[in-house]
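Labels A, B, C and D are assigned to the chains in the order they are written; within every chain, residues are numbered from 1.
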Amino acid sequence: METQIQITCFAGLRKFFAPQMEVQLKLPASYQSLIQKLKKLNPEASEILDNCRIAVNEKFVPHNEVKTGDEPVYLIPPSSGG
Amino acid sequence: METQIQITCFAGLRKFFAPQMEVQLKLPASYQSLIQKLKKLNPEASEILDNCRIAVNEKFVPHNEVKTGDEPVYLIPPSSGG
Amino acid sequence: MKHIQHTPIHYANLFDDFRDPNSGAVVLFSGEVRDNNKGKAVTHLEYEAYEPMAEKMIEEILADTHKRWDLNKAICVHRVGHVDISGCAVVVITASAHRAAAYEANRYIIDRVKYEVPIWKHEFYTDGSSEWGQNCDCSSPSHPHHHKHEYQHAE
Amino acid sequence: MKHIQHTPIHYANLFDDFRDPNSGAVVLFSGEVRDNNKGKAVTHLEYEAYEPMAEKMIEEILADTHKRWDLNKAICVHRVGHVDISGCAVVVITASAHRAAAYEANRYIIDRVKYEVPIWKHEFYTDGSSEWGQNCDCSSPSHPHHHKHEYQHAE
């Protein structure tokens, strides 16, 4: 059974994806596999997706961590503040 | 024959000497010999005199430079600005 | 919201409010919008942030800074929204008894804020185009990525 | 007199006048009067300068700084006369396209101004005594004196 995961995209990622979207993911799954799924949805976004950090519950999670729950995911492109 | 040299003292030097004074010096003489003369005038000023720079015509002069003219001499204690 | 601000930053006021009789050294850094970048004429920037996380991360960076240096005060405020040329995008102010700490801590804060905190600049050019900024050319194979390795998956 | 000032320094105004659309980084250092020094409570300071030489030397330091770093602007203003606690004794502002130059040049300027330029502080204490300041303990045998050797009899 697949779970619906809400994803928020910031900044340059929005050239490739909607600010908010939902993807189906069979849990448990690594965050890396979620990234792979997004790359398939839009191969042109591969480079920026490879450089993104992932945040859940306002904390960064390692890409190889396994996602078990349906908490929303925030994709964080490289910072360019200042 | 001795020449009258005008000397200006700044900051901590004025604990030991007047802001403006005149000393007699037989020219030519090194600036170091002028410092020696001032140390004799007030031995308590020896330490600060050893740490002073000497300025003539708004430029620093080396202590071993020889003074030939009667230009005024400025004694510059270690800086403490900022 | 202490560190992320939607209105213009008045660093002069920030600085005036910063008086501290115990500090002999105050250092202020202002990151400002240049009229050009990488050879293109810039009209203005727009900054976006993932605000709740940006707030928390700047707070943590300031706390880390206080642990590393003997500081009396440190603040950091970053704009979001539209910023004109010469407008202020980010301000860092540090105060310490002696100047080494104020300088070093100030630079440490801005370096970490720029590389770690989820804030992005969108540059608008006179030719009508726009681009999302990068603080460094991360895709270059020669890029050292020291900041990335150090902080990327940190918590 | 551009660099030596007999009236209070309004760094906020100096900073506001400092806008430069070509600079992405502006660093301001303010040296301020602390309420204590070496364990004694300070009431105020009085600064004295050998003004014509101080003016020329600060001008030269700024010129040297422009040779060493890719700066757009650099100013330095030092007070003489009575300065109260938390009052500003000296301000250095530097602006450059990127921040490394602004930070490094700023610190270079204040270091040289403090060690080389004929300006002196007279500290007044709450117990009624006063003392002429030293920027470092030059009489200590362990003191490296790097600044002195480098600059003392220069020119």
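Quick note on the criterion: contacts are C-beta pairs under 8 Å (C-beta built on N, C-alpha and C of every residue); 3 or more make two chains touch, one makes a residue touch a chain.
These figures come from a predicted structure and were not determined experimentally.
Student: Taking each chain's centre as the mean of its C-alpha atoms, give the chain farthest from subunit C.
Tutor: B
Student: In whole angstrom, what separates the CA-based centres of subunit A and subunit B?
Tutor: One centre to the other, that is 74 Å.
Student: On a C-alpha centroid basis, what's the spacing between subunit A and subunit C, in Å?
Tutor: Comparing mean C-alpha positions, subunit C is 25 Å from subunit A.
Student: Mind checking the centre-to-centre distance between subunit A and subunit D? Centres are C-alpha means, answer in whole Å.
Tutor: 50
Student: Please set out, as single numbers or ranges, the residues of subunit B touching at least two other chains.
Tutor: In subunit B, no residue touches two or more other chains.
Student: Which residues of subunit D are in contact with two or more other chains?
Tutor: Subunit D, residues with two or more chain partners: 31, 110.
Student: Go through the chains and record each pair that touches.
Tutor: Taking the chains two at a time, the touching pairs are A-C, B-D, C-D.
Student: In the complex formed with subunit A, which residues of subunit C make contact?
Tutor: Per the touch definition, subunit C meets subunit A at residues 31, 47-50, 52-53, 56, 78, 89-90, 110, 113-122, 132-135, 138-139, 152-155.
Student: Help me check something: in the complex, which residues belonging to subunit C touch subunit D?
Tutor: 11-13, 15-16, 19-36, 85-86, 97, 99, 102-103, 106-107, 110
Student: Show me the residue ranges of subunit B that touch subunit D in the complex, using the header's touch definition.
Tutor: Interface residues on the subunit B side: 8, 10-12, 15, 47, 51, 53, 55, 58-63, 74, 76-82.
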